[in-house]
Amino acid sequence: MQLSARNQLKGVIKDITLGNIMAEIVVELPDGQVVVALITFTSSERLNLQIGDEVTAVFKSTEVMIGKDEQTG
Amino acid sequence: MQLSARNQLKGVIKDITLGNIMAEIVVELPDGQVVVALITFTSSERLNLQIGDEVTAVFKSTEVMIGKDEQTG
Amino acid sequence: MQLSARNQLKGVIKDITLGNIMAEIVVELPDGQVVVALITFTSSERLNLQIGDEVTAVFKSTEVMIGKDEQTG
Amino acid sequence: MQLSARNQLKGVIKDITLGNIMAEIVVELPDGQVVVALITFTSSERLNLQIGDEVTAVFKSTEVMIGKDEQTG
Amino acid sequence: MQLSARNQLKGVIKDITLGNIMAEIVVELPDGQVVVALITFTSSERLNLQIGDEVTAVFKSTEVMIGKDEQTG
Amino acid sequence: MQLSARNQLKGVIKDITLGNIMAEIVVELPDGQVVVALITFTSSERLNLQIGDEVTAVFKSTEVMIGKDEQTG
């Protein structure tokens, strides 16, 4: 399935924390920056997510804000 | 101001498209991957966003899905 | 690619409206209910979306509110 | 109150899972497809949500992605 | 209909800007702070929104970040 | 850092509830209305959030719905 989402960042799972309902998945990008995804525990189990998995962090462009340092303006 | 958002990716603006109400901001990360932000035209003007600006793409971890190729599982 | 998103509703595109930056995609579910997606014009072109296409409306469970009529309580 | 949200899908609660802070509400649509909502425990209590309740799953069109199988294009 | 959304702020519409697909609605709260909502043009027409209308700005708690000035910590 | 987000409401933290993964932060606005933010436990610790802190609730305009009472139309 091809997705309309503009943001599809490839990386590797570095850490997983499981709660009752939620799971926190930490993905490291090739440049060393990190993306955190909060998904349901059920989804984490269904995808059988493991540390070291190559995954894609997917999010819509409507969800992204831009921050700019006042000095750089 | 420090922000609770876990996802704060640094990059450089590569492209800006302006509509009546919305503006589409394309940010390139150091690893060459791209993040697109849809913000309001008003915000784009207020921050005086320009191609080449160093900016931060900010989004909450609740907005991020994980995709995994069936082969890598 | 398998997606963590819990909500993946199958339907058929009934209507497409294109703006400068945004596109509004109306998807009819098998039960006749309708889901509307606002995506970027660029994504609509990239997926080559057409009326009649079978598609999946994907959204995270964190985005969904529950409404309940006061009478049914 | 009338809501601007374009997506208001009617269904019946099939399952409820409660955590410390979050509650996961599973709603079945008339066509058998399922919508999952992650709301706060507090909201679940306030609306007195119960299995079997007729409810509406409400979400904005900006939150919805479109997926399309590569074969159908 | 009662809504699970924790955030339901009452205010008055101060400004409306219409685009092809989107509408920007500016709502002033009683304390003078302002909330901006980006909804579809179609929804704005359906609710017949007008400057001066008393409305409620509704959003989920999962969408809200917290910012804190470094001095106040 | 200046943020593109149109919605930046100032208030004071009235309550904090901590879960395994999530934290619920209740912020009171000057007019007595309340905004609830669900952030990660990790972010709550990182910002060292405490009851009484002056904070800003930040959210994008794309996340806000408008509700209107049928009588006021």
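Points to keep in mind about this one:
Per-chain residue numbering starts at 1, and chain names A, B, C, D, E and F are given in the order in which the chains are listed.
In the analysis below, contacts are C-beta pairs under 8 Å (C-beta built on N, C-alpha and C of every residue); 3 or more make two chains touch, one makes a residue touch a chain.
Computed from a prediction, not measured in an experiment: that's the story for all the values here.
In terms of the stated touch criterion, the partners common to chain B and chain E are C, F, listed by label.
Set against the Cα centre of chain F, the chain with the most distant centre is C.
Although chain A and chain F carry the same sequence, what matters here is overlap: shared residue numbers make up under half of all numbers found at their interface.
Of all chains, the one whose Cα centroid sits at the greatest distance from that of chain E is A. Just one of D-F, C-D or D-E has an interface built like that of B-E, with over half of its contact pairs in common by residue number: D-F. Superposing the C-alpha atoms of chain D onto chain F requires a rotation of 120 degrees, rounded to the nearest 5. For this pair, chain A with chain C, the centres built from the Cα atoms lie 22 Å apart.
A straight line joining the Cα centres of chain C and chain F is 28 Å long. Centre-to-centre spacing of chain A and chain B amounts to 14 Å, using the average Cα coordinate of each chain.
In terms of their C-alpha centroids, the spacing between chain B and chain C amounts to 22 Å. Counting partners per residue, chain E has 1-6, 19-20, 22, 24, 36-40, 42-43, 47, 56, 58, 60-63, 65-69, 73 as the residues that reach two or more other chains. Listed by label, the pairs of touching chains are A-B, A-C, A-D, A-F, B-C, B-E, B-F, C-D, C-E, D-E, D-F, E-F.
Interface residues of chain D, counted against chain A in their complex, comprise 17, 19-20, 22-24, 36, 38, 62-63, 65-70, 73.
Only residues 1-5, 19-22, 40, 42, 58, 60, 62 of chain B touch chain E when the two sit together in their complex. Of all residues in chain A, only 3, 6-10, 24-25, 27, 29-31, 33, 35-39, 43, 47-49, 53-69, 72-73 touch chain B in the complex they form.
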